[in-house]
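Labels run A, B, C and D following the written order; every chain starts at residue 1.
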């Protein structure tokens, strides 16, 4: 019988989770490792098989749907658990399962001597299941299920070393900030279903143009709410504060969740609902502006961070900004392309950083690294490839995808966005090579005892690095315009984004301008690199001199513009104090007071009555008589 | 002639009642009460309730008053001490209330509220049950008296006060 | 012979009312429990008088029968009352009502 | 004649309660086994209802009718439909769990404890199954006594205050309801001539809007106390904190549903006009309840109080769903009733487990429990996620449907209510972090015993239910849907009955929802203003 095509992909990791729960420790470390990696590897194989099956179909028929079962049916609203494979989700599952598999293999080495080894892979597999459900969902509701599922797994994995209070705090922060985003997403979904009647993609996107007035308030609000959800998940302004703290989790987690897969869910959702966003140009503008702003803002903070993982975290936020910028300007294809290449080199950067930390026995501060090139040859080589890729130097992957985005921005007339993107590219190149130089080149500032048991990572960690390095190198080439038909990757995505869509708003540029654009972006990257080398390698004093010249700027960058502290003071503390007062004063004094008050009222009344019982027989006789008299008078009046 | 008798009895009755209430010495009050009861017996005679008059004299004047006198003597009561402002006030209030009551009663009568106007509710068949009822009541009275009286055998205050 | 009611009924009632009020005042004013008891006797007898007057007026024996009841009750009441007074006297050495207020609320 | 199934379901626990009460005091083992057997047998009796009940058939099923007070026209009549069937199952399952969960918790006077618990169960079942208003009122009051004793005798330090407050508070409300029932009785008597308390008779009665207003207020007041809705909720935290574990499980899981069941069964269908007019007020209070419950829960030092205030917030959702007046809202509210019963019941059991070991409910006394109690932590995590409404668990399906229903009636309502989703995450996660994560702060927590087999047995059905309703809600929805749609349609017909034309809910800011009187089920056509 033909093996099921789609639902097997998320089912495999879920099966691994169930198996590991049932078998428990009897599995042992090797068993758990094999089970976990095997499951993800198998789902990668199935993903490839499904992608090939999709590619075999003619251009227009490129969409496979599999309905598992009817989930909910109430009145005229219904939603079912169904999976959709189209070029966009094909790319996503390949990236997710591919990079996921490599990271699983890497983790077996990285987490080798962690006591709760089994629990780690349990969470990792659960995450893979949730991410694959998110990507393969055929309606927004099921996507939301995956959406919150990955939120939960990131909460569990960030707080994996739960005995560390800071990790637990970071986990909670991540979940709550995500929840704020999900609040927006939920409301957006409700708006869409109320007007169009369904959340299933095809039905929703076909009904949308009639249900909504193009550019009207309803569609704009709905899409902005969806974008709010995306900013929560993909850590854009203003809901990005959780990602840097999420570095508390183990490094493979940062690589998988906070670089390659989960954070891209926001971009995927915006790309998936591109036809809705195109109905609301204002929202598109907002997406572009927020993307560009975040790209630049995060890049600036990245300059001044000393923790290797924090630098990479801000770099991720910045690169995500680029992806949203691409979507904002209408170049959804470029956004997804950058998403793919970013997954490769950012995952590599994180894993490389993990290997460095592993080697230096958990040392994460760049100021106590340096000169590791010789001692960690493989890590150094792969990290170098990734750093060049992210800087956007041809022929590496980063160049093609970033250039596509800048080209899209320029072509669609968003010159401001293009300029910001260019500036961001320079900064990116600078801080990435700053990291590279501080970590691998120059004098070794490694502490003494870390020095002598400095060792290269085991093969189980190196091989994934090597594979990712290759991908970072060739990943971009599928963007080369081999045949005339333009950009092969975008042509692959055309059935999803529609031919006009991606380039509809784009004015075809003359080849001369296109070459000029490419030159400019390459020069920008080189500028960043040269400046980084000069500042940190040739003339270390330059960095310090700069710091003295603008101390205020430096302090602001180091403290991340005090955004965290600001939000705490503006939101968290007042909320806490308000609810404290609400409880102590309002609930206990007023409401409860009123209830007890009624009780005291009756008690007071009865005390009053008691005064009449004086104990003197005389008074009782008196009342008796008074009663009789009153009675008499009453009859009298009759 | 009947009216004359009625007047005599009425006056003695009212006079004795007042003396019973006003006089400080309980013994004198008791004696005046006896006279009052006799006047009342006379009135009963006027109302052709001869048997009742006899019973009145025997039961009330004879038995109950004797009991009263016995208790008064037994407790060896002297004159009541009832002076001071508080009692004056009470007496004043008492009289005031009395006049008020009489006023309303007078108003009633002046309204010509015909006594016979009460609807003729059929009296419940008291028939022979009257006898049993009175006997039970008397029994209860005797038992109560015995129970309360019994207390005197034990030295006072050795156990909680008699009910 | 049932001579027409020589004495008019309202006179009788007035008399009964007066005696009743006097008894009532006695109960309210006096301190001595025994005098209060006597006043109660007065009130009861006033009521008896009214009963007999009505009996005579309506020419039926019911009134008189009822007077019997009242007498019985009075007898029982006096018996118990005096017993109580004796006991209270034994405990508190007093007969004055306003000094016995143990059952104060 | 067919076996009186419903009466059996109602009175079997009562009979077994008497049996348990008769056992000698020291035979604690036999008491426990008899109580468990009785509770499980009760589950066995009630479970077939799930299959035997045909959801599509209109009206009551398994009806029993016996004359009770002929003079008044009150009949002992029972009936069941989709709504009450689910609540009956919830009651029997949770009572069985409560009995099994309190083996070790209750030492003194175990005999009376189990007897009262079983008596309480029959009181609750009676309330759900009675279709005669007087019989309903009798069971409604009968239910209070065992609960009062459970809190008053086996409770914590301030148990007497809490028990008395609980009793008087509910009693005050229900007395008003009695007046309303009598008013209805007389209205019906004048209108139809035959004196009767039957619910169907009242359903057919057309009540003038003025009377409807007061009647609705009386019923709503009694049920609002039970729900509890915002200003009338202060008895809940006290009752929960002082009640023994089993007591607060039943209190949270079933007794609170009496309020929402009352609204669904009586207040809305009987007085549709008044419900429609007062809908904005009730929804206002529900929204305040959601925010207020969540915010106050956040700062509670005592675990049980936190869960109690969270119940106020969750049931705010329920009320919002009911007063969204459409089939999604109703389905969401009904599902939320079940979910709240399951997840909050489980939460109280979890607090009970820790209370049994440490005799303290203060969050400060715990910290880093994950290390010594991994299984407990895992169960706590799942239950917490269900209470927060994570998709995949039961909480999400209920909340989503309520929000969907509310959005269709008025987007502003849904917007405000959706904030509750964030707040519930805040207080739950913060509590979870302070209790579970971080280093083990107190030495005593170091070597606490993890869940025993019995305790796992207690949690197993709840966990299964959490995921079952979360992943396969449709079987539950199919069973409740027809009954809910009939209630909605009934409300509309009666609205049209007394005032022909369209019942318009003028709703501030949002869509103007027009409910034209059409007998068919389904949602009211949204003549929303297209923007």
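Here, a contact is a pair of C-beta atoms (placed from the backbone, for glycine too) under 8 Å apart; a residue touches a chain by one contact, two chains touch by 3 or more.
Here's who's who by UniProt: B = NADH-quinone oxidoreductase subunit J.
Because the structure is a prediction, the values reported are computed rather than measured.
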Max Cα-centre separation from chain B goes to chain A
Nearest to the mean of all protein Cα atoms is the Cα centre of chain D
Cα centroid separation, chain A vs chain D, in Å, comes to 37
Averaging C-alpha coordinates per chain, one finds the centres of chain C and chain D separated by a number of Å equal to 65
For the pair chain A and chain B, the C-alpha centroid-to-centroid distance in angstrom is 101
Rounded to the nearest Å, the gap separating the Cα centres of chain B and chain D is 68
Residue numbers in chain D touching two or more further chains are none
Touching two or more other chains in chain C are residues 24, 28
Residues of chain B that touch two or more other chains sit at 90, 97, 101
Full set of chain pairs in contact is A-B, A-C, A-D, B-C
The residues of chain A that touch chain D in their complex are 69-77, 141, 144-145, 147-149, 152, 155, 159, 162-163, 165, 167-169, 171-172, 175-176, 179-180, 182-183, 186-187, 190-191, 193-194, 213, 216-218, 575-576, 578-580, 582-583, 587, 591-592, 594-595, 599
Chain B partner, complex, touching residues on chain A are 618, 625, 629, 632-633, 636
Note: in the complex, chain C contacts chain A through residues 24, 27-28, 36, 97-98, 100-105
Contacts from chain A onto chain C in the complex sit at residues 610-618, 621-622, 625
In the complex, chain D touches chain A at residues 165, 168-169, 231, 233-235, 292, 295-296, 298-300, 326-328, 331-332, 368, 370-371, 385, 390-392, 396-397, 400-401, 403-404, 407-408, 411, 414-415, 418-419, 421-422, 425-426, 429-430, 433, 436-439, 472-474, 477, 481, 485, 521-523, 526, 528, 530-531
